[in-house]
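The structure's right below; bear with me while I get my questions together.
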Amino acid sequence: MITRTLTPAELPGQAGSLLERGFRLALAAGHDDGDRLRAVYLFTAAPGDRRVELHVLLDPQAPEVPSLAGLSFAAGRFEREMHDLFGIVPTGHPLPQRLVRHFHWPRGWYPMLTDAGEPPEFGSVDGPYPFRTVEGPGVYEIPVGPVHAGMIGPGHFRFSVVGETILNLKARLWFVHRGLEKLFRGRTPDEGIELAERVSGDTTVGHTLAYCLAVEDAHRWAVPEDAQRIRAILLELERLYNHITDIGALCNDVAYGVLNAHSQRVRERLLRLNDTVTGHRLLRGAIHPGGATVTALPDPHELAAIGTDVAEIVELALSNTVVSDRFTGTAPLRRDQAADLGTLGVVARASGLDVDARHDHPFLSAEFPRTVHTRTDGDVLSRFLVRAEEFTTSIAMITSLTGMLDGRITATGPAVTGAGGSGVGIVEGWRGTIVHRVELTGDGRLSRVKVVDPSFFNWPALPVALTDTIVPDFPLTNKSFNLSYAGNDL
Amino acid sequence: MNLAATGMAAVVAIGLVTALLAAVVPARSAVVGVGTAVTGAAAVVAGAAALAGGSFSVVLPEVLPLSGVALTLDPLGGLFVAVTGGVAVAAGIYAMSYVDSLDLRTRGVQVALPLFVVAMALVPAAANVSTLLVCWELMALASLVLVVAEHRRGPRVASAGRWYAVMTHLGFVSVLIGLMVFVAHAPDDSFAALREAGGRLSPAVAGVVFVATLAGFTSKAGIVPLHAWLPRAHPEAPSHVSALMSAAMVNLGVYGVVRVGVDLLGGGTAWWWLLVLALGAVSAVYGILQAAMSSDLKRLLGQSTTENMGLVLVGIGAAGLFASSGEHTLAALALTAALLHVVGHAAFKTLLFLAAGSVLHATGSRDLDALGGLRPVMPVTTAAFGLGALAASALPPGTAFVSEWLLLQALIHGLPAGGVAAAIAMPVAVAAVALTAGLAVATFVKAFGVGFLAKPRSGAAADAHESPFTMLAGMGVAAVVCVVLALWPAGVLPAVQAAAGGAAVSGDVTLRLSQATGALSPLLLTLGLLAAVVVVAGVVRAAVARRARREARLWDCGGGPMSARMEYTATSFAEPLQRVFDDVVQPELDVDVSHHQESRYLVQAVEYRRKVPDRIERRLYEPVLNAITAWGGAGRRLASGSVHRYLGYGFYVVCGALILLAVTR
Amino acid sequence: MSALGVVGGVVQPVLIVAGSPLLVGLMRQVRARLEGRAGAGVAQPWRDLRKLLRKERITPRGTSEVFRFAPLVLVATTLVVAVVVPFVATESAVDPVADLFAVVALLALGAVALALAGLDTGTAFGGMGASREMTILALVEPTLLVAIFALSVRVGSTNLGAIVSSTLHDPARVISPVSLLAAVALIVVIVAETGRIPVDNPSTHLELTMVHEAMVLEYAGPDLALVELASAMRLSVFLGLLANLFAPWGIATEATPLAVLIGVLALVVKVGVLGGLLAAGEVFVAKLRLFRVPELLAGSSLLALLAVAASFFLA
Amino acid sequence: MLSLWRKIRRTGRVAEPPPPLPEGERPERAALLGGSVQIRHVDAGSCNGCEIEIGSAFGPVHDGERYGARLVASPRHADALLVTGVVTRNMAEPLRRTFDAVPAPKLVVAVGDCARNCGVFAGAYGVAGAVRDVVPVDVEIHGCPPRPEAIVEGLRKLTGR
């Protein structure tokens, strides 16, 4: 890890040269150091797990950073987030609207500041919402959400449409913004676990693990290999139950409900397996800073049976011509678009990008081959197949790791206390790369935790993929992305 | 002098007096309106008398050179005179205040209205070629003046006028040529002589006569591919004139086909009628498809006229086909269906155009995407349009339902009768009629649902107000006729069958086909429906817990109040159909997205453009127009865009025709 | 108006109203079982209706009479069809209405009422449902009428009683190519008109994909009960029509209690079997992309045209 | 098609036998519904853990539908709201509006510890309160997230079946 401290004026040059050398902006966050504000930019690059942090110290009177929106799409969104939460102004930003704070949040109140205090009065929620009006005869808007007809998280989608043709889509998120990052402040790392487990309920392991890795990185804490293996098993178990849920849900969205029923049956089996492994259906309580403990290891035979079952479901889905017709060519996200937007995980791999933190930023010493994806056209079918193929490799990984563990169900490194500092944890959750960055005070308490769910990067890709898609194909597309609201909104 | 003759005399006399008055006191539009309505009433009386058997015939040799004016009112002509009169009554009453409000009080326009009605009433009564042609041309000129009445409103009106002038005269020339060839084989130009000669014509000559007149007459009826003027001219005219043109004038094209093809030429051969059938089927589908795409209320109604005339021609084509294979009862059934549809169409199209005029009057807009929310502010107009829309959609209890039912019955029973040609033509015709009916439903749901229901989409629609009483009364007349036709078609069936020259349907409350099983009772159906509504409402009332109805905000997914921009638009409503038929309509779409300089993923502006061109028009007319343009100077000098010049052309053509007539004699 | 007609006119609507929710319950149960579930039971739709009738009525702000009367019209049109079509007895209570065209048009009228109600709400979803429904209706019409054409040509009438009686007297006609082609075309039409998979998904929870459901999102309580009852009735009416056009056996031809009882049982069995088959078939198909539906309907139109051609050339 | 049929036959019945009808009191208004409860789910700020288990409760194994409960698309069609998560400042009004859109008699079920008492999110700046602070709650279901059995039990309190 390289850390550089810069003045605001030096930022664009440094960031630009890092981006040119193949780094991606993995995280950007504001920090309140009490006497001044600080912006931190974390850049990572794939081969060799390289990480560079740029710390920009800001003028206490006028906290401003030059906008990087022109260099990196994701940077523009991080900057808007910093603006909303810390009042750090990105100068020269092309779209300096609010992102996190909705219209009715009080002006000038920046909740993440240490001395933010109780908020002033909130306004009426029905205020104006800066929205790109599509000009033209007969164009109308479909407002959907935040309360959706299906069981989907709260987000508001505003389609500009002529008939069934989507001309423009605007997604308004942060409806479930609870202020999670601020809750970490002042807790010990162990006390932070319960929050990390609930960043996004379906990604308990991914976020908890990223959090623990970050804490361990800050403490330079050595974790036993067995603990990392247990963690890797849990990470893959999480991938399994979520992928089969998505496979079923995609079938359900094309009204092929019978396969959804089968998928849900398999999911219930996996959740019960989770329960026997960790004592919790969503795999909570097993990972903690310094190690991991489970009550049992998953039975490889059962997993093999599940693998056959799922392979059959996938085969049945694709052999139905209507299903494959609905999937094929629907809402394609081209490779260049996926790369420009900085997409991660399943979405990126379906578009042909080779991003996978398990290989780019491994926490495990054992090497596993990358999953080979047969179709990378970026359409719904590709995203479906990526999930199906990962399901198979995950089972293989778990089986092999279980063998290595040979029945050992707990491992913890020697405890490390005190010593402040900062650390970064990078984990390939089932949706994609999760990054946590923690800063600790001298007495070992958390002073700042920044959580980045892959959904933060992937949400902007959804409207791009929807160009030339018809309205009734939106739910299917949305499901094929399956992005987290809770993980994005925090 | 019998009643029919008196009626016709009254039509001419009152019409001319009204025109004279209009020339003297053009500001008194009530006078013109009343005069037009009374002229129409006289025409109704004359037509009805002729239908009841009181035909008359009169020759006034001294009025016109050559063979003079000859008028005969037989049942066929009587039907069309009566229909024209009926439309004129509604339009006249409506015009009393509509003209006031739209400032149409220029002298020429006021004079033209009664003259137009008189000319239309005389066309079906004409008993020789010269009378027919003169009346035909008078009708065309009067309507042209009316179409361009509001030429100050924009270039579209002038363009519509140009199209109309050119097309109507091309049509005239075509009719002229056809009749000229016909007359050349007859002793004189009276219809009696032609009827005599018609049976002896060689198939080739008869074919030429038929095709030439068919082209001219169908152009007047707005039949594809000579329809291009109709969706331009009908909407641009003042709405009561639109009603007269769309509900009365187009019928005369149908009249011409029947008069020449069936009456004068004596039926001809099967291919004529297959041609008519094909033209009708194509027009019906193409017309309604264009209407379904349209978001201009009056244009939509104009395109629906093409559709309805297409359906009428399907009936006439089927009738001719059956007649040529000796199935006279079936032929009478098909012709009855066609003529009943003419009557029904006249009623509901009058109603629809008058209601559309009322909307235009109140909002200044006929763009469906800018309307909506008219129900609370214009309840009568909304009800009138709703009734008209129901009548036009071929759904029970609607007006068109009865005639389309008869038409389908004719087609179904025609299959075993008509041989191989019928075996292919009938199912295709049924499919075309069915597709037309389905698209008509979608079109009128769109027009009514988007145009009148929900919330206003523009300030103009929000500020709308109900129209004055006379306008509502004009709609009322048409509405009553619509309801009577829908519930008790037996009331006009004898008249229609008299015109069709054969009784194929009998019955009073229940219509029964003669010589085939098939029965329908629109009245019982409607009563049954009403009874069912009452029963269901009663049962629900008894079963429902005693709870007050609560008014609640619309379900907005919790996302905030819904604006007018979140309402479905007419363009959007039609978009799925446009996609389905994009091979046929070939829409031109364009989405312009401009991005922020910094990123091509930050959208700055999006603009959508759409145009649904008339494809037939593009294929057929553009090359011709381009060729004309290429002719250069001469053409440009001729087509200067001056309406007067076109009127002049019309005059020259009439004179030329008369001279030609004299020469060929 | 014959005695048999009167009996039919009374028994049929009662049977259809009482039985339709059970048919829906049966179809849901079939699907549940095929998905490995236990299912809510055949009577569940009736429980739903009973509850809805007890609930509050809601008028969404800005809607007009069109919105309020549409459910009534929807039920009433179906009820009239239930009275006049020979379901239980060959003779119709109101014979001059028992015409195939009239029946089809009546059912279309119900759909139009609902589409107008959808537009009347002024919501994006209501309009979207209406637009989709009307597009499908417009495209279904040719298939439907041509299929009817094929069936009527052999009888020489579109009167339903006549068609049913003729099939009863000449059962061999049922297995002719005409009948089979027309039957397939009609099945496609029924699937489209009643909003079943692969045209519409009756159990979808996604507003953006809905057809029928999108138009009724604003209805609550008793109004919703009517809409649900009507859509169940439309389903039974269509299935009953299909059953009796192609297999009218069992239908009462005389007004004796036994004959009527047999007629009722025959209808229940036929519609039940068809509904069960439809529900089971649905499990095996997925929903088509919206703009593939026209292709399906065009295909069925072609079948219907073939049926007519067959009826002429094989006659 | 055949292979799907084989799969269906081989799998057989997935739904597990129903547990006995839960003891304990039912909300009074639930009796009015007569064994049919249409449910609108509202995520007012959950971490989506509860959604997973609601999904399980309506999955084929637990088969919540067999007790007469069904998820519906519109609150107009609903009898009960199933609310998960703490109520965030941004979701308080949408939740109120959803509640208002439901025709009476209506019930609210708070699913999970967050919905009951804000759970671990108590005190966060974006949180407006527990569900009870925004709309009246009739039934509460414990757990973080509640096990599907608990959710089914809660639903059966509404349907009484």
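Labels A, B, C and D are assigned to the chains in the order they are written; within every chain, residues are numbered from 1.
The working rule: contacts are C-beta pairs under 8 Å (C-beta built on N, C-alpha and C of every residue); 3 or more make two chains touch, one makes a residue touch a chain.
It should be emphasised that the depicted structure is a prediction, and the values quoted were computed from it without experimental measurement.
The largest tally of C-beta contacts between two chains is found for B-C.
Chain closest to the overall centre, judged by the mean of its C-alpha atoms against the mean of all protein C-alpha atoms: C. In whole angstrom, the spacing between the mean C-alpha positions of subunit B and subunit D is 58.
The distance from the centre of subunit A to the centre of subunit D, with each centre set as the mean of the Cα atoms, comes to 26 Å. With centres set at the average Cα position, the gap from subunit A to subunit B is 62 Å. Inter-chain spacing, taken between the CA centroids of subunit A and subunit C, is 47 Å. Multi-chain contact residues, meaning those touching two or more other chains, occur in subunit B at positions 547, 550, 552-553, 555-559, 562, 566-569, 572-576, 579. Annotation for subunit D: residues 4, 8, 11, 14, 60, 71, 73-76, 91, 93-95, 97-98, 103-104 touch two or more other chains. Chain contacts: subunit C has residues 34-37, 54-58, 124, 127-128, 131, 204-207, 217-218, 221, 283-284, 290-291 touching two or more partner chains. Taken as a contact graph, the chains are fully connected, with every chain touching every other chain.
Remark: subunit B residues 547, 550, 552-553, 555-559 touch subunit D in the complex. Interface of subunit B with subunit C (complex): residues 292, 372-373, 375-376, 393-396, 401, 405, 408-409, 411-413, 415-416, 423, 426-428, 430-435, 437-439, 441-442, 445-446, 448-450, 453-455, 509-511, 516-521, 524-525, 528-529, 532-533, 535-537, 540, 543-545, 547-557, 562, 564, 566-569, 572-577, 579-580.
By the touch rule above, subunit C contacts subunit A in their complex via residues 31, 34-37, 124-125, 127-128, 131, 197-198, 201, 203-209, 283-292. Note for the complex: subunit D touches subunit C at residues 1, 4-5, 8, 11-15, 18, 32-36, 38, 60, 63, 65-68, 70-74, 76-77, 79, 103-105.
The touching residues of subunit A, when paired with subunit D in their complex, are 102, 104-105, 111, 116, 119, 122, 125, 146-147, 149-154, 174-180, 182-183, 194-195, 198-202, 204, 245, 258, 261-262, 264-265, 267-268, 271, 281-282, 312, 315-316, 319, 484-486.
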